[in-house]
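When the chains are written out, they are named A, B, C, D, E and F in that same order, and each has its own residue count from 1.
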Amino acid sequence: MGKARMRIKIPTAITGPLASVEDDTKQWLALASPGTEVQVVPVHAKGPETIESIYDAAFYGPSLLEEIKTAEEQGFDAVIVPCMADPGLHAGREIASIPVVGTAESSFLLAIALGHRFSELEPTREGLALTRQLLLMYEFEKFVASLRVLGLSVEEIRSGDKGAVKQAILREGRKAVEEDGADVIVLGCTFMAGIAEEASEQLGVPVIDPLAAAMGFAEMLVRLGLSHSKEAYMTPSPKKMT
Amino acid sequence: MGKARMRIKIPTAITGPLASVEDDTKQWLALASPGTEVQVVPVHAKGPETIESIYDAAFYGPSLLEEIKTAEEQGFDAVIVPCMADPGLHAGREIASIPVVGTAESSFLLAIALGHRFSELEPTREGLALTRQLLLMYEFEKFVASLRVLGLSVEEIRSGDKGAVKQAILREGRKAVEEDGADVIVLGCTFMAGIAEEASEQLGVPVIDPLAAAMGFAEMLVRLGLSHSKEAYMTPSPKKMT
Amino acid sequence: MGKARMRIKIPTAITGPLASVEDDTKQWLALASPGTEVQVVPVHAKGPETIESIYDAAFYGPSLLEEIKTAEEQGFDAVIVPCMADPGLHAGREIASIPVVGTAESSFLLAIALGHRFSELEPTREGLALTRQLLLMYEFEKFVASLRVLGLSVEEIRSGDKGAVKQAILREGRKAVEEDGADVIVLGCTFMAGIAEEASEQLGVPVIDPLAAAMGFAEMLVRLGLSHSKEAYMTPSPKKMT
Amino acid sequence: MGKARMRIKIPTAITGPLASVEDDTKQWLALASPGTEVQVVPVHAKGPETIESIYDAAFYGPSLLEEIKTAEEQGFDAVIVPCMADPGLHAGREIASIPVVGTAESSFLLAIALGHRFSELEPTREGLALTRQLLLMYEFEKFVASLRVLGLSVEEIRSGDKGAVKQAILREGRKAVEEDGADVIVLGCTFMAGIAEEASEQLGVPVIDPLAAAMGFAEMLVRLGLSHSKEAYMTPSPKKMT
Amino acid sequence: MGKARMRIKIPTAITGPLASVEDDTKQWLALASPGTEVQVVPVHAKGPETIESIYDAAFYGPSLLEEIKTAEEQGFDAVIVPCMADPGLHAGREIASIPVVGTAESSFLLAIALGHRFSELEPTREGLALTRQLLLMYEFEKFVASLRVLGLSVEEIRSGDKGAVKQAILREGRKAVEEDGADVIVLGCTFMAGIAEEASEQLGVPVIDPLAAAMGFAEMLVRLGLSHSKEAYMTPSPKKMT
Amino acid sequence: MGKARMRIKIPTAITGPLASVEDDTKQWLALASPGTEVQVVPVHAKGPETIESIYDAAFYGPSLLEEIKTAEEQGFDAVIVPCMADPGLHAGREIASIPVVGTAESSFLLAIALGHRFSELEPTREGLALTRQLLLMYEFEKFVASLRVLGLSVEEIRSGDKGAVKQAILREGRKAVEEDGADVIVLGCTFMAGIAEEASEQLGVPVIDPLAAAMGFAEMLVRLGLSHSKEAYMTPSPKKMT
């Protein structure tokens, strides 16, 4: 089996003025097991401050991939990509041998493990196409009850009134359960973390915190000594760079 | 979040003369994290000594469910059902609030997390219908490359020549990868445990040990403080017993 | 071709004080062709008096299988399992060479033969998971318009006010046709028998009585001299019993 | 319930010099229950003498529909369309209230009832597109193991050496079971009737005779007093004829 | 590549008193590129004046096929079948080497190219089964948001108040977008042509005019020098005619 | 309807020393209709010289999107993204109102229009994951017979021996038709252009040249006055750039 002590690299795509490496690190450590070290690494890329569309996500690919490429050499045991767009996830697995874990994919897998049909609560309508694309790529559409929209931008969720965010989550989460047949709820933005437990009690179904889900999968894979299949994510042949 | 120290109950369906609670306990502890306690509980049922068909599996339902029903009261944090037929898994979740984890379902989820298409290596042709039924019930057929048959009964795998078992696993595993397009292999019998690591090195793809997979999922769920959705697995209404 | 005169064994899972072998036999004979004999056999098992959940159904497996195993030797031409959980259906086919027919599977097949999308009317929400599991195992989900809940327990349907049962069937059946797009209705409880014809006239679509459906399939298979494929339902290898 | 005595109309699309109403009638009566009358009605249409392609089948629609339209008025209880192209089946149900049964659809339904995956043995490659279209229209593709080609035209099967036909059926049927995973075989031409029983014994799986399957379904529906849903097959509004 | 100048044959199934070859030709030329000639050919068949059901459509097969069969010899580069039932489309491709294009299939393909989920606006409920059958045959069900009914017969759409038709299209089109999640609308009757552009502006999503779609595909295929695969649409073997 | 004269922008992702804007322009003009202007625009990005993996493709997103964003203002009627990875296609549609057409998606759509099951011929195994991802995102997996590998890198196809490329295409194309059931072949690399016509004659099925397919779709959409749905590809809200 793999190891119980481990180091996890977390290249953070959101690098606006409000992001704080120190706060992020505390949040991740609170989710980790004893013996797990985390290193939050801000990604330097020119792009939109928050990621809500397929367009927004495209800007972070190259810089994120640079961080993933160097992770193993730096002694990390796993990488977590902390964004519900899972940017660069499959590309990253092509160039890494250690597990590269995404918050969206981990949340979906956990939802499938705990129930039959899940709903994701999206910040805005704009993000629906992005989530839809991930669900198709991962072949998880069958397990989806609905995608529901909160009507709050990622920026509003990050910096706005936490009470309003909670209200929106409970309102749409309840509709997902009662009208759409969801038996698990996935929070559709990494800035919704910390609300899952209370929402779960109120809604009567498991509510998945995407950061916790990603940490859970990353630790499990390292403990089991398993990583992504190189037959599924083949190593690119070396090519001249332009 | 949930707890790092935990107690897991493992009601063992196979209760023939060769089964040994002590040996089983050692094997499970070797897969567990520090801080995890396991209790292997032999299930008393009149039925076939090994489970290879849907018919064989039907005998263990009532006794297994009795053990699952009492687990929470006895202070356990999770239950693992250690048999690739996942007997009583969904029924057990209907009467338990703690996670009830199966070796087959956990192996499938882990395979889906690590690649695109997995193959399961079955002891005998007789077991194909059982695995097929599980894959349909869990809605995982789409992720399957093939089910391949080793041609060794569960009894032969348990008590026979370990070298022959390994040969069969490598032979059929290789065909699964090269001919069927599998990028992950699931070992289809809990008695194949201990061969996964070497098989993985030889085959060049992740090979899932079902005991390790179940322990990984059980521990992750307890750590995350999550359990199966009671909307998916509703509590049966109380009824008079005949 | 097979025979026109035939004997059908009907092991009845529900063995509470209200069950009556004599009444059951009359009901079945009214559905059978001239020349068909039926023998209703009460199954002795310790379990819940009615079957509404996956948990409830697990108790009847071993005893039902005993009755199925002996049926051919006793000179029967087919077995009908009379419960909408189809308990032991696939397991029973593994150990029998004569047709083993279930009320749920027969109703679904008949619904597929008569229209494009059917709805099943379930007694309670608790039963949804059980029916969902059958539809997945039989690969019939695609043909389902909806599962609708009457809000009446099996016990209430069996012993309660027949007028209230009829009202609920017409109310939910109408919604299934008008809101869910159902063009055939399946009655989701064997105790709803006898209402199908009137409901069909009122709703304007075929309404399937599960007892009649099972009798229809059992007689057709015996007449055609056909039985379930032993490649699909392989004979379990002999094993020592614990 | 419906009736045990019944009259079935069988409009026969193949009207070449070799077709014989008298022989056909005997063949159908041998498949029917006591109490069932059959009337074979030759359909007068200008078209190809045998039906192997979608093009061939198009010629018989209008004449067949005329026979289906008049059947109920003439006192028939059901219509059987005896051709593996099921020509006019859905159109016929739109203008009839009595059951309109096809040999292909009945064979597929029976195959689904008896196993998990069936193969149809086609006379020629030319017929594959036609069968493929039916399987898509009926939404039965999921249940198909393979379509295998005998390499004998419908004319050769009808008038040629019966021994050669049997050899081809056994050869391709065996490949279907051993290589394609079929557990039921459907004979893909109504002129293969009479070989099913022997083929079944040789191949070890059920072999469906399409004429027997259609007779079985027609009789079952009449006995159960059920017909196709008018919500699925709506009555066309009256229109001026050109 | 193929040619820029081309001749397209358009055998028109609707031959009632109101049809006008001259008007039809003008309408088609307005949709064609410079350099494209069209020839509208009335099809002589005894059948219902408009096509709304599977039954109605069956009458036009043989006559349409006659026109398709002769098209290539007459020097045409492509055939368009101008009816939302796509009558004879696949049969026609079996006997033609030039492209045979249908208004329904072309509209669906264009809708799939422009969005994720389309809705078709049907004249009447009667037509739903016909469109459903096409979507299954073409394997396009997955791309459908809904089929919505205008409640106007084909005859009313052809000869009635254009304002009422437009109102119905906008009303149901809006519901398709807002309630059913459609992002493209297909007009479900060739007599709705000419409304697409305005409807598109009002609804905010592409609205497909089926005549324009068919002309677009026919011209593209001729320009690219491509035609339908003879492996998918095999040439029928020659047979004696009855 | 839209216009017959049009201007198409073609931002070329491959910017290695061997690429030639002049040659590319000639090649595109040969595929275009009279009246169509093309402008090939080299994309400046730091990345691998050829695109064969998901990793390789990630580098071109941001620069390509810049070119797509400015296209409409510059007076273009459509954009073609000329790479079988369709890089930035969905992201580009979010920020453009004119059609943004990809070579892979256009080839797939054309293949679906011409047959039932297509095979794509991939340069190397490395590229399989990329094509698989596109087919899932576009929901076209159902239409795929196989992905076959030529064993030639993109660089070898671009600069190597044309005879060897043709041999490999004919060899794998034949296997796709004869062993995998393909009835249409898609050439899986834009540098294979110019071989399609000969390959089609040799293989007896349509062979799709991806450049021709993209030009065909781009011209058709402009002519029809249609563009991608803004409900499917929503405009991203304005955000601060980091």
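Operating definition for what follows: a residue touches a chain if its C-beta (ideal position, glycine included) is under 8 Å from a C-beta of that chain, and two chains touch if they have at least 3 such contacts.
Computed from a predicted model, the values in this text were never measured in an experiment.
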Touching both chain A and chain C we find B
Count of steps on the shortest touching-chain route from chain B to chain E? 3
Interface check for copies chain A and chain F. Shared numbers divided by all numbers used: above half gives same, below half gives different; which is it? same
Considering only mean CA positions as chain centres, point out the chain farthest from chain F. C
Can you tell me which chain lies farthest from chain D, using the average of the Cα atoms as each chain's centre? A
Geometric centre distance via CA averages, chain D-chain C, whole Å: 28
Centroid distance [mean C-alpha coordinates] between chain C and chain B, Å: 31
So chain D residues touching two or more other chains come to 116, 139, 232
Name the graph shape formed by the protein chains and their touching pairs; answer line, ring, star, complete or other. ring
Ring order of chains, beginning at chain B and proceeding to chain C: B, C, D, E, F, A
Which positions of chain D touch chain C when the two form their complex? 1, 4, 30-31, 33-34, 105, 109-110, 112-117, 139, 142-143, 177, 182-184, 197, 204-206, 208, 212-213, 216-217, 219-221, 223-232
Footprint of chain C on chain B - complex, ascending: 15-16, 45-50, 52-59, 61-62, 65, 88, 90-92, 94-95, 124-126, 128-129, 133, 136-137, 139, 153, 155, 232-237, 239-242
